[in-house]
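Written out below as structure tokens is the structure these notes cover.
So that you can tell them apart, the chains are marked A, B, C and D in the order they are listed, and the count of residues begins at 1 in each.
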């Protein structure tokens, strides 16, 4: 799992730009976190839906790539439950199913207080390309 | 429509942080754009799904708030069609239906080349709160 | 819970037509089942997506109406994992969140063999109307 | 297109059981219809969500199989806009995008009065298997 974590930590520019950090990576699972800052808020002073999505999507991307093959998102759904404007938030992605071509993942977005903020579900198309080979070729 | 555009232009911190600009606002419709930069890329050097979602979500937020009442997103779905790594991208949201409580919107994300990159659909809960009143009270 | 079960058992004509039976109802939860018959198959001899959806949707409807207020579905997503052509299938809906206006539910569709066939997620709008009053007035 | 229409007309047992008829089939498009009957209603006397889904899903299945290769649904989303309890309803599916492996389709469900009842979006995985070969082998 070390190269998967290293790959995302060093290569995903948008996650770094937004401020998302990887907490934990396992086969088919990943947990990430974000400390809410001013730049994450929308017009009505709560965390922007795009931030909650990006957090869940990042956990989903790491979890679905954790098997070693490149997995690309083809479809995602998010439902928003509760809005917050401060504190640290987490997204944890878990694998629901996987076959050679497709994988389905869910991710819950929670606040440090324990409250559920959003539920996310995503599907990936799994390529034959090996993530580690690709990573070695570009770093 | 002027105060709706001004409201989002001046108040939405995440849209500004990501670099999204409003192109046009009409009743039930909105178009936004983003010039892809290095910080929008993911680990495999294409635009991050969170950026495409945030762009579509922003057009959706503006379109759904264009009637004057505060509308909050409750659910969104995005399907990814094609990946790009440079150029300007657009999202245009259009109202599909609206009743006093709920509204449904679709948004297409396109590249400056005309290619369709993603399709988005979102639902809002429409509050009684008037956006303009709220805006006057905070600016 | 008795009148909720009785209400759906006696009033939902499509569920009866398809052959779906209620297994169990609790606050915010419901389990239903269906024995696959010839008329549930699609053109390529596997269970029709509409049947899997209808099964999950029925569990979702019962679970979301179990609190006593009329709840109407506004949005649902289903992902298909595995196809079957015989045996008994189940859908179990569980409440993810609920506020006075909206509720979110998930439902897993499983085969008697234990295999996961589909995952479903739905959102309801909760009306003020009380289900029992309505039921008394029509039966 | 003739064998595609014939294939679905003669082979899809659930569509026939529910009473859905094919109106028109073209490359990447299909239109189907249903006359609402008592057995299509739910507990609160309106058309069951499973019926609206099945109608849209059928148009989607035909449209996505119209290119000649077997296409299987992997994910679908439906949003419900308006409820009806009588009359004829239609679903028309249109292709949004297609590559060798995946296809995205939308379908609008409308009432004979012209009102929009639901919007549906679905994704298929496109197999190498040719529908016509398969059809010849089973009829």
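The rule is simple: contacts are C-beta pairs under 8 Å (C-beta built on N, C-alpha and C of every residue); 3 or more make two chains touch, one makes a residue touch a chain.
The structure presented is a predicted model; accordingly, all values stated were derived computationally and were not measured.
Any chain bridging chain A and chain B, meaning touching each of them, is among C, D; the list is complete. Centroid analysis (C-alpha atoms only) places A farthest from chain D. Put simply, the C-alpha centre of chain A and that of chain D have 33 angstrom between them. Computed from the mean C-alpha positions, the centre of chain A lies at a distance of 30 Å from the centre of chain C.
Taking each chain's centre as the mean of its C-alpha atoms, chain C lies 21 Å from chain D.
Residues of chain A in contact with two or more other chains: 74-75, 77, 79, 123. Taken as a graph of touching chains, this assembly is fully connected, with contact between every pair of chains. For chain B in complex with chain C, the touching residues are 74-75, 77, 101-102, 123, 125.
Put simply, chain C touches chain D in their complex at residues 7-8, 11-18, 38-45, 48-51, 53-54, 57-58, 61, 70, 72-80, 83, 134, 138. Every residue of chain D that touches chain B in the complex is listed here, in rising order: 77, 79, 81-82, 96-97, 104, 106, 116, 119, 121, 123.
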